[in-house]
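Report on one structure; see the data block that follows.
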């Protein structure tokens, strides 16, 4: 298959996302309009009267019909204008841009944690199916997915910070005494490394550990299960028998042959896991005072700040689309068959 | 500022020797003498109090980063808590002021040598621009200015650089005190104008992000939703130089984390804790709990007169007799307040406000009243509370629910998310029975009545309407306290409130602030925000 | 059928974990059915003299800030939590599997439409979507059920679509078509029943997830209304008391929540073994 | 002899949407602009102009390698899928015009039945043998009376030598031979006029093959059916069929009486097929061997022999002109440039 | 290696599988051998134990399977007792195996050239520099046109026949002494099937390699093999040179199998099926596992210690009442 075909496939996938994104915009728009609470009242402040509220309602365009409002919203979107958040007073795009790195840094670290625990567990379980190792893995990961993240988070804070004092205070991305490193990627750990400031790096990492573990524990199960299942299936397939019959070493059979093939379904799961994490992020960020977009969304939702909620969901959708695109690209890199049977 | 620079500024106290410990002992941060670490549930959403949609925590920006013409004095309560004294106005930017002989204008003398952060002197023109802005922007600042009868730009005149005159529309006891609230702050008008545009003549976009003033503190950084950091403005002339060089205000959504941070010594000041935590922290004796009863404020149950049974006074009184006051006070409020029940008589003897209403838990009386009103079998009613205040209002509602069941009234509990609360309770006024926690800034019963008992007012969530109340309130609102009509009027009002009980008060809450023992100088203000200027911190 | 039970016994004995989960599930069902009858205290009655008591003989799980017995509340909450999970899963199962089956069977625009719908739902972080739905419609038990059902819908639709699609042109389906079945009858009597086993696994796994979801909503204040006993809300309320040392308020409902989810997840695994023995040999 | 089924210029073309994942017009439009993909939509010619007939009581063999269009053809004849072009007339009625979706309500549904290749896959795992055999009786004959149904099912079971006790069993409780009988019973229960046998014995062990074949012959005589016997096992075809047609890449390349085809094949492909039959008797004989793989059925060149390239006797003209249909004897023709009338 | 020493000698092999529903006695007293340059066919219905014998000989039996008795000698190596390391060395180098459905027997996401290269490098016959050239050489040896291009192709891009050639190239790349072909043409078209079998035969002859062809098709075995081993239900019931076996089958099962296989001329009446099915290998079994299906059965057949008789030189029959 030539690269042209792959580009075509990728372009196709991107385009296919357009109707979904549009669907998301519509659903979000309607959902957010259904939120109780009148933003005009919020905007008008504590001592406003009916007249000033009406004034503000007009200035926000809230007196127009829903279809009109939707068209205006779409028009703004096309210009990259997500509107101004009612609760923070900042343009939503700016707000998201500021908070996104925090969420991503946390989510990615959680993902790394999850992957580096779940995949070896899954492989270990698959190479000895039904052994005690397998059963133990199953118990561990099932327990992990059964823990409500907010519960895990709270107790981890209680134990590791409050009782044992080994974890830093759950104060967000960086402890009070440190100032954030010069922003390049806005991932504090990476920025600190780029600046060569190891103290800040360790401090930022230390803040990340508890929330990342909390978040990652929850997604161990789907990953480990998928790894185990995929490995079992691949290990029982004909070509593994061929590889063994050709005298290839155990490690070649296990990694070059079995694992690479098992990676395909794992990769697909990874997309789902990531989406899961973005959802759970909301709760974890709340527990750990993490200044990410999840906590921003909760705040916005609670105060009916629908401009912000819309923006948030849209950002999420785009993130999701990008993620799936990345996975598609990785998939085409690993699997030469992509596109023929798709 | 980079971290290293910051370490330098820490000076000799911590010293370079502290450096190796930093990564292991973040707890030390709170131990340093010149930095105050405050943890709070909610942070500012704007640097400009006069902007539309500015939230309550943003008031602290106005308090700490900006000056007003006048400030309030300080008094000390019995338990040692310091509190502003609304009867004593003190000079802030205005060195002195004079009320004209006819009482229809006030002339302020601007302090000599007062400068903005950028070093330019503060002039009367700045004051005029700032006041013009406050009355022109509309919304909250304008309404608040109006409360002090400050309504249009023509009232303000910059006579010369150092002289500023306010012309009054009417004589009002509220005018001068209204200059001390967080709204009429003085902006650096040159900077502001330089950043104004044709569509935005008052530079709202600029001032929203960038404070431009000359207050005791300057903004070091603001990460919305995370933290606000102040540094002292060392050339501040409008009062005693603050005792703390640097203030870090961190936003921690979880109340128990805020408590933990205080207990672990990582925070100096912890705000917004549930009453139970304050009760326990006080009990432990390890921390200072500054508790001031919130002025002009009551935790109460509001009864909406649009709801059929509540149209009858007897029903309202019956409910007032069926409230489990003591239980609420102990189990929901953890006694962090002053009881507002069990008053002696339906005829008020003082004009003290708030004061206990003449009700107590008495189910027999309640049942009798219900019977009289024709509701012997009770009725069903939703009981709503603001989810944002669930920590104490949820148990309170549960107790009320249980208690009302004893007189046959079946209450169903309805949680309403924070923002919807305003709409449902205050704008649409559609909640039949709800928890009310209003407090007026200016500490007068007539001011309370104006907002809560007058028809059509935002905070009259009870839809209460009584022509007599309207009349008396309007008459009294601008009367001086020593006016001969004042006391009788207020007593008349209170008698009506007692008898009609559209609002059943339970207790007057405390504003609790927990600090480390080493921190002193906390002062309560009606705006309930920290005024960091008075803090002092003992060096470890 | 006899063979099925033999197989069931085999799966249970071979796999003690599944046996354990099954027993646990039975216990939860008993609590859900009879909980209100067997609890020692009224789960809603406050008692001013017994507030915040640590676990003791009188109060096994201690009491809460209003003096209510935590044990009774945890026990009674089983019914509500299971009811939310079961009804949410039932709704999403029925609607999702029907939509998915139609999409998988007819393909074309039906498939596209259903595909778009599921894609749109999936593109939201699901928990956030549930939050939005509950916030918009109001926090009642029914709305929590609907929200949970909606976010689970895509999983069923996708599984059903795939399962129907692989069988759509199976020989036995073609044979049934030759026997004079119309398309819809084909789907209803021949294809759909054969997709049920894999769907049941999904059901069991989703039950746990539905419980977690409802609890998460409660945690951020969008859950069921007080004073109803519900695990998530109890954890949320108890969360504020952990630091002050009243750990039992959050721990016991949290543990119950965890056990229930754990049990459903293990059952899902066991069910998978039962249905598809190849997966675990 | 009367003609039962007549097929004329039957075609089935599948329009492929390119190798991309979507046939969304928008996607296609943008893809064409983004990449240098050609604007041509490839068409797969699965069955490309096939004409033949089956007489009443005749059994016709259909031979060809996998992918030659046998299954597609069978699907169309049995009205399980729709044709692209051409005519299928059954007992004088053009049944090709009736969409396959609604064909279940036509009277001819009863008359055309199939026995599928894999006896296991073609049984619903949740149906007992009784259910499977009873279903066509219920649906097509409208028999609802339980007693009558039981009687009829048992009669059919007896006809195919299926012991009565097996009627209550599920497929996984039956042996291969038994499952084959259930399948045959289901197909013949409604006494069809045309029975299509799609490799009915290829999944069976050789030890049961003979008895099933004999059963089929007996049923044909008892019920007066016509057979279309699709198979790649030429030895079996030779045993069972009166006439044989040979397909290659969607077209018929040779057609004639079975004995003639096997003893005097005219098309080089048929020759290769016959000489490829492994046989103790033929060991050491001169063999016609093919090299390479068949061409792609996607957009075949209309002006070339499709066998060209693999054909041992291919010449230049084969790549320039489509081969003519040449009659070898009266009812035997081959489509080849080199075929000779005998 | 000595011509007379068999390349593979399986002796008295018993293999069991432990399954959920009991122990399956998959092989019992299985003995056969292959000499250098010889091609033998192992023939039997599905479930007769053909593949299990081959996999056991390679030492790659499933974990559920267990050898309870017997020995396997592969070019001097005691397969059942050798350490895994030696077995790995042996596989692909001294003995190779090809399987049915070649497309799934190749790693779908690795180019075929790399897969051949893996084997070449594993057994030291190639290094990083020359691996590509060596792999292409291997492809050329199985008459694959355009080997340069095919080297970089993935299995899904090739036809089944081509994949089987690749498999053969891979199996023969290290010039093994023995090739085991397990139903190598199942699922391929007849014409391709013939071409593949011709290729195997030709290469075997060219390299003087021993070959074991496992098939259910008696006709194919007859066509290509020098000697045929007939299996039924885990037993070797008869083995003989092809011509002799077809001329005078001695075991009733062999005879029935021949009778059941359609072959060119003749009518349907000439073929007969075999009554009954394979016995349940989990159950207690009589010494002769064919007895239940056998028309010649009598009480003596149930006497234990059924052993193979050499009825004529090289013709072994395991039956108390041979034809």
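Labels A, B, C, D and E are assigned to the chains in the order they are written; within every chain, residues are numbered from 1.
The rule is short, and it goes like this: a residue touches a chain if its C-beta (ideal position, glycine included) is under 8 Å from a C-beta of that chain, and two chains touch if they have at least 3 such contacts.
Just so you know, these numbers come straight off a predicted model, no measurement behind them.
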item: Minimum number of chain-to-chain contact steps, chain C to chain D; value: 1
item: Chain ID, smallest distance between chain and overall C-alpha centroids; value: A
item: Between the pairs B-C and A-B, the one where more C-beta pairs touch; value: A-B
item: Longest centre-to-centre distance from chain C, chain (CA-based); value: E
item: Chain located farthest away, centre of chain D as origin (C-alpha); value: B
item: Mean-CA-position distance for chain E and chain C (Å); value: 51
item: Centre-of-Cα separation between chain C and chain B, whole angstrom; value: 45
item: Whole-Å separation of chain centres (CA-atom averages), chain A against chain B; value: 39
item: CA centroid of chain D to CA centroid of chain E, Å; value: 32
item: Numbers and ranges of chain B residues touching at least 2 other chains; value: 254, 256-257, 260, 263, 387, 417
item: Contacts with 2+ other chains: residues of chain A; value: 35-36, 154, 158, 162, 286, 302, 304, 340
item: Chain D-touching residues of chain E, taken from the complex the two chains share; value: 45-46, 145, 159, 161-162, 189-195, 197-198, 216-220, 222-224, 242, 246, 256-257, 260-268, 271-274, 277
item: Touching residues on chain B, where the partner in the complex is chain C; value: 254-257, 259-260, 263, 274, 276-277, 280, 327, 330-331, 387, 390-391, 394-395, 397-399, 401-402, 412-415, 417
item: Chain A partner contacts - residues on chain B that touch it in the complex; value: 1-3, 6, 22-23, 26-30, 37, 45-46, 51-55, 138-140, 143-144, 147, 208, 221, 223-227, 248, 250-254, 256-257, 260-261, 263-264, 266, 387-388, 417-424, 426-427, 456, 458
item: Sites on chain E touched by chain A in the complex; value: 58, 60, 84, 87-93, 96-97, 99, 101, 104-110, 118-119, 122-123, 154, 156-157, 167, 170-171
item: Interface residues, chain C side, partner chain D - complex; value: 170-172, 174-183, 190, 193-194
